[in-house]
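What follows is a group of structures, each given as structure tokens.
One chain, chain A, appears in both complexes that follow, with chain B as partner in the first and chain C in the second.
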Partner chain A sequence: MMNDCIIKNDEKIAYRVIEDKTLVVNLENSTFHTLNPIATIIWNNLDGKTPITTIAKNISKEFDIDFETAQKDCLEFINDLIEKGLIILCSNQAEEIK
Partner chain B sequence: MEVQSYNFSINIGEMPITIFFDDNDFLEVNMTRFSNFISEKENGSINIDVEYIPLEKFKLNYEDLESPKIGFDSSKNRYIIYWNSFEGTFNMNTMIGKISCNNHAGLNSFIRIALSLVLLKKQGFLIHASSLIRHHKGYLFPGKSGAGKTTITRLTPDSTLLSDEVSLIKKVDGKFRAYGTPFWGELSIGGENTSVSIDDVYFPVQDRKNYVNSISIILGLEKLLPNVIFYLNDLKLEKELFDLCFEFISYVSPYELHFLPEPDFWRFIDDE
Partner chain C sequence: MKQMSLFDIEGDNCVKKGIPFKCHFDLSYHCNMKCIHCYVLEKKQPTLTTIEIKDILRQLASSGTLYLHFSGGEIFTRKDFFEIADYARKLHFALILSTNGTLIDEKIADKIASLNPFKVSISIYSSHAKTHDSITRVSGSFKKSVNAIKLLKERGLWVTINNMVMKQNIHDYHNVYHLSKSLGVNFQVDPQITPRIDGNKNPVKFQINEKDLYQVMSDPLIIGLESEKSENYYKNAKHMVNEDEVEILDIPCMASHSFFYISPYGDVYPCVQFPVSAGNLTEKSFDWIWNYSPSMLNARSLRKSKRPACSKCENLSYCNFCPGLAHMESGDVKLPYQRACQEAEIRSKINREKK
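== the complex of A and B ==
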């Protein structure tokens, strides 16, 4: 799973990155999600090319936290975004990330 | 048998609307309600045919709907709209609307829905907000029912009311302006048919003391969006509206207005 890539669910969302935060709107159900600075870095890397493991390494380096913690946080966040319909796994096995 | 038609024109947000009635009494009721917005111009860019159906013959009952139902009839290229006590159609190409209703509220809602669709093409939107002009400056106070929109207008007698309930925002020559609307709330008074540049937006918060605090663009956008009026489920148009709202909130300075129901809150706004 860590080698999977993620894309934003552009058909259903609108978003704006403003300074170090992001507001994401799920247009289907009119829900709003404000992402903090770390979540915004992850969000910016959800480009369909960058594997989750690379995103976790970048977070680990940027915020000086150990890789395991960064990886765990990344997975939790990504899982949450998938559940909210904001992003899509670029995998043939788009099952829930464990 | 030829049906006699009566009409008058109104102008809301620089958009002329001509309304045709098959019932003169119903026309007069609506002329009174829209009196501040009556326009001399007879040819509206939007034309609405109103069929008056007496209450006893009115068989529609959509009163359980919290929001209007809007579908699209592709064969006739028009939206089909129904909500509490009215049903109608609106064609965005011809800008012709048709509505069956028996009270002013139905026509009022229909015009709001049609305007929300047309305005987006003109870089504008409707929003649940009171708005007014005070000392030549425009103020917008967005909020849902109970937020204090009407209270703020009541506490500001030395002002020109644009609306205590639904304000119209439009981008004109690169600047955002608020226009008066005939859509009123608890105040039961329509706004004046004038407009003003909007530089500051205050989100009302009823509190135990008065103060104003600047908020971020992102929080401003999060607070603004739920108040924007747009009923159509069309992802492309909703994205356009999102972009326009972002542009608006980036253009203005957003604040939270914590206030007590007393005029003194203006002192804190004036200090900003």
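== the complex of A and C ==
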């Protein structure tokens, strides 16, 4: 799963990165989400090309935290975004990431 | 239930940071109806081209605009509307569409649904076709507009009936409310008829009188708990907030702070009701107009507390003063205007009656 890529659910969302935060609107149910600066870095990397493991490595380097912690945080955040319908797994396995 | 706007939540943050968060973009003043109270004036000059609009949208996206409200005129009279709207969605805007609905058939409704707009607003003036059509001055328009609402609702879109209340239809807004409920869509009443964008006051003659305005503003059906929440917020806010937020409470409205307007000719105004051009997008960049245009900076410098003529008014805390309407009425953005004074007095009266 860590090698899967993620894409934003562009058809169903509107979003804007404003400085270091991201505002996301789920157009299906009009729920609103504000992403903090770390979440925004992860969000910016959800380009359908970068595997989750690379994103976790980048976060680990940027914030000087161990890879395991970065990986756990990334997975939690990505699961949350999938649950909210804001992103889609590129692979056909859209079940919860373990 | 789709009721809130992200603008309500993030609006203050955008004001503090100077982010142009919400744009009202009239794509054309051309319309297939001839509403008696219409505020637009179609000019003979060319409207923005598809290429120019796409360039503007790219600039807005990079400046932080999230909400893009396409209006007019009638947006579907533009043959390139879906090309523009598709492009806007590719740039991740949240679209709000205002339309009279009369050009929407099954095929157009499908295309609108594929845009996933945040909201579609359709004007209905009466529950009676005859009254509605007499305001739009197009026979059969009521039937087409209601049909459009049904088509969009069937496709799961968030639709709002916008009921502009004027002398011709003041006694019917309860029925329009019930129509909205029967159609399963939202309802919004608007008693604000404004002068035409060139300052012509002809539309204002259709405005309801003070007695009827009181009836609308005090009607629990329309206002419900929302006014109470809002009033409590503004009454208590100064005791709860920090210095930055007190400064925000002193701003008359979001126009020029996080909200702005673009005309079909490329002129940028602080608001459609504040038609003082800050620059034209065919000549200047949006960044320059937003951050450096003297007109925009002047609008942004306006404060409620800097209106000497109003500072001792006992209804000041109930006043929703609009600098644009003040400008259109007297040419001075700081002078009181009749409608604002009437509305403030009514709010004050409603508050006294509650006690």
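Going forward, the second predicted complex is superposed on the first by the 98 of 98 C-alpha atoms of A that agree within 3 Å, B and C clash if a C-alpha of one lies under 4 Å from a C-alpha of the other, contacts with A are read in each partner's own complex, and residues count from 1 in each chain.
Just so it is clear, a contact is a pair of C-beta atoms (placed from the backbone, for glycine too) under 8 Å apart; a residue touches a chain by one contact, two chains touch by 3 or more.
What you see is a predicted model; the values in this text were computed from it and never measured.
K.L.:
Here chain A is shared; do chain B and chain C fit on it together or clash?
P.N.:
By the criteria stated at the top, chain C and chain B clash after superposition.
K.L.:
Which partner chains sit in contact with A:I7 here, chain B, chain C, both or neither? Use first/second/both/neither.
P.N.:
It touches nothing on chain B or chain C.
K.L.:
Identify the partner contact of A:R16: answer first if only chain B is touched, second if only chain C is, both if each is, neither if none is.
P.N.:
both
K.L.:
Could you tell me if A:N29 is touching chain B, chain C, both of them or neither one (first, second, both, neither)?
P.N.:
Second partner only, chain C.
K.L.:
Could you pull out which residues of chain A sit against chain B in one structure and against chain C in the other?
P.N.:
Correct list for chain A: 11-12, 14, 16, 18-19, 23, 25, 27-28, 30, 32, 34.
K.L.:
Can you tell me which positions in chain C touch chain A when the two form their complex?
P.N.:
2-4, 6, 9-10, 14, 17, 19, 61, 64-66, 89-90, 92-95, 116-118, 158
K.L.:
Which of the residues in chain B come into contact with chain A in the complex?
P.N.:
Chain B residues touching chain A: 216-219, 221-222, 225-226, 235, 238-239, 242-243, 246.
K.L.:
In their complex, what parts of chain A are in touch with chain C?
P.N.:
Chain A residues touching chain C: 10-16, 18-19, 23, 25, 27-30, 32, 34.
K.L.:
Within the complex, which stretch of chain A touches chain B?
P.N.:
It comes out as residues 11-12, 14, 16, 18-19, 21-23, 25, 27-28, 30, 32, 34.
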